[in-house]
Amino acid sequence: MTAPARSRRWTYSLAAEFGHKNITDDVARLVAESGVRLGAVVVSLAGSTGAITTIEYETGALADLRRALDQIAPPNENYAHNAAYNDGNGFSHVRSALLKTSVAIPVIDGKLQVGTWQQIVVINLDNRQREREVVGVVVGE
Amino acid sequence: MTAPARSRRWTYSLAAEFGHKNITDDVARLVAESGVRLGAVVVSLAGSTGAITTIEYETGALADLRRALDQIAPPNENYAHNAAYNDGNGFSHVRSALLKTSVAIPVIDGKLQVGTWQQIVVINLDNRQREREVVGVVVGE
Amino acid sequence: MTAPARSRRWTYSLAAEFGHKNITDDVARLVAESGVRLGAVVVSLAGSTGAITTIEYETGALADLRRALDQIAPPNENYAHNAAYNDGNGFSHVRSALLKTSVAIPVIDGKLQVGTWQQIVVINLDNRQREREVVGVVVGE
């Protein structure tokens, strides 16, 4: 008998600029398999041009979030990062640092504590298609 | 004798658009009651139209944050979410995804590690009054 | 023999308005010394005029983030906080509440789970030089 897995590594293939995926079910499955009844799950993207947040995962809200990011950090402004590296993803770095790359969500009675219309989403903010690596760890007992 | 509670569920009645409450004392009480000396507390709002963050909880700073959000995601723009659902809270979803719905705060020597002028705040970003459900879990030992 | 330290308190002397420091190595050292193989580290700034986030720690990306913050919350607008306290750091409070003051990062196989170009950064957003206190706690086993 082995101890139940408390961590998981996922890879998601996401489109450029705002490729997104609802990963709530993947995270809930990890929580269930971990056997943890009371604690929290930390979900984190490895990288500096993506984000993890929660949103009602429907086309409209996602488009609205993208438009807000287009205004906060437009793709085609003059970025100091682009001047140095010529990779054109200066806007991606700014968006990622603002949205941030991880969330911590409580687990109570073995259940992930999210609202009915609240989903955990991974977003690729880079200017090219990416295989984004996300890790989840459940802590508690 | 029962184990000390390590989780708590609170409901806060908050006004539309930017109803807020300082919940630092509630969280500190949970930390004290948990008996955890070294660890962290995760505080999370269940929902996609609210937020949890930290701020100096005074009228001016709160009004300034609200004004910044009014510029990032004005209530009366054309939101794709509103076009689909007709509920008028597209701006709420954008603000919630940007501010995010949870915080993790360290606990050292049994004390919540916040600064003197740093308070944990729950904000209702929806366009109607809401009973907002917040959960806290303490992990550690 | 004493138990390995699972928490650390650091003080960083940071310049006004956007003084920053890459603290990834400090956090990784805490994780290594803790002996925790599977869990998470919570890193948090005590205060309401600073932030903790992740970014590719290079001059360009940092300058770009600063410019985005200058647009979201310009230093010299009329802030209600400033009108009440006359300390001129209303913009600092807004930026801190938006960027937030803590991150939670998974630890797997004893290693901090960040990407190659992803660094943990502390930013002083206040309008004066500050000694910023940051705490880290490792939870897990």
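Residue numbering begins at 1 within each chain, and the chains themselves are lettered A, B and C in the order written.
Keep in mind that, in the parts below, a residue touches a chain if its C-beta (ideal position, glycine included) is under 8 Å from a C-beta of that chain, and two chains touch if they have at least 3 such contacts.
Here the structure is a predicted model, which is why all the values come from computation and not from measurement.
At the chain B-chain C interface, residue numbers used by both copies make up under half of all numbers present, so the two copies contact each other through mostly different positions. Superposing chain A on chain B by their CA atoms means rotating through 120 degrees, a value rounded to the nearest 5. Our note on geometry: chain B versus chain C, Cα centroid distance of 19 Å, whole angstroms.
The residues of chain C that reach two or more other chains are 42, 72, 98, 100, 103-104, 139, listed in rising order.
Listing the residues of chain A that touch chain C in their complex gives 6-7, 9, 42, 44-48, 72-73, 79-85, 90-91, 93-94, 96-98, 100-104, 133, 135-137, 139. Interface residues of chain B facing chain C in the complex, by the touch rule stated above, are 38-40, 42, 53-56, 58-61, 63-65, 68, 71-72, 98-100, 103-108, 113-115, 117-119, 139-140.
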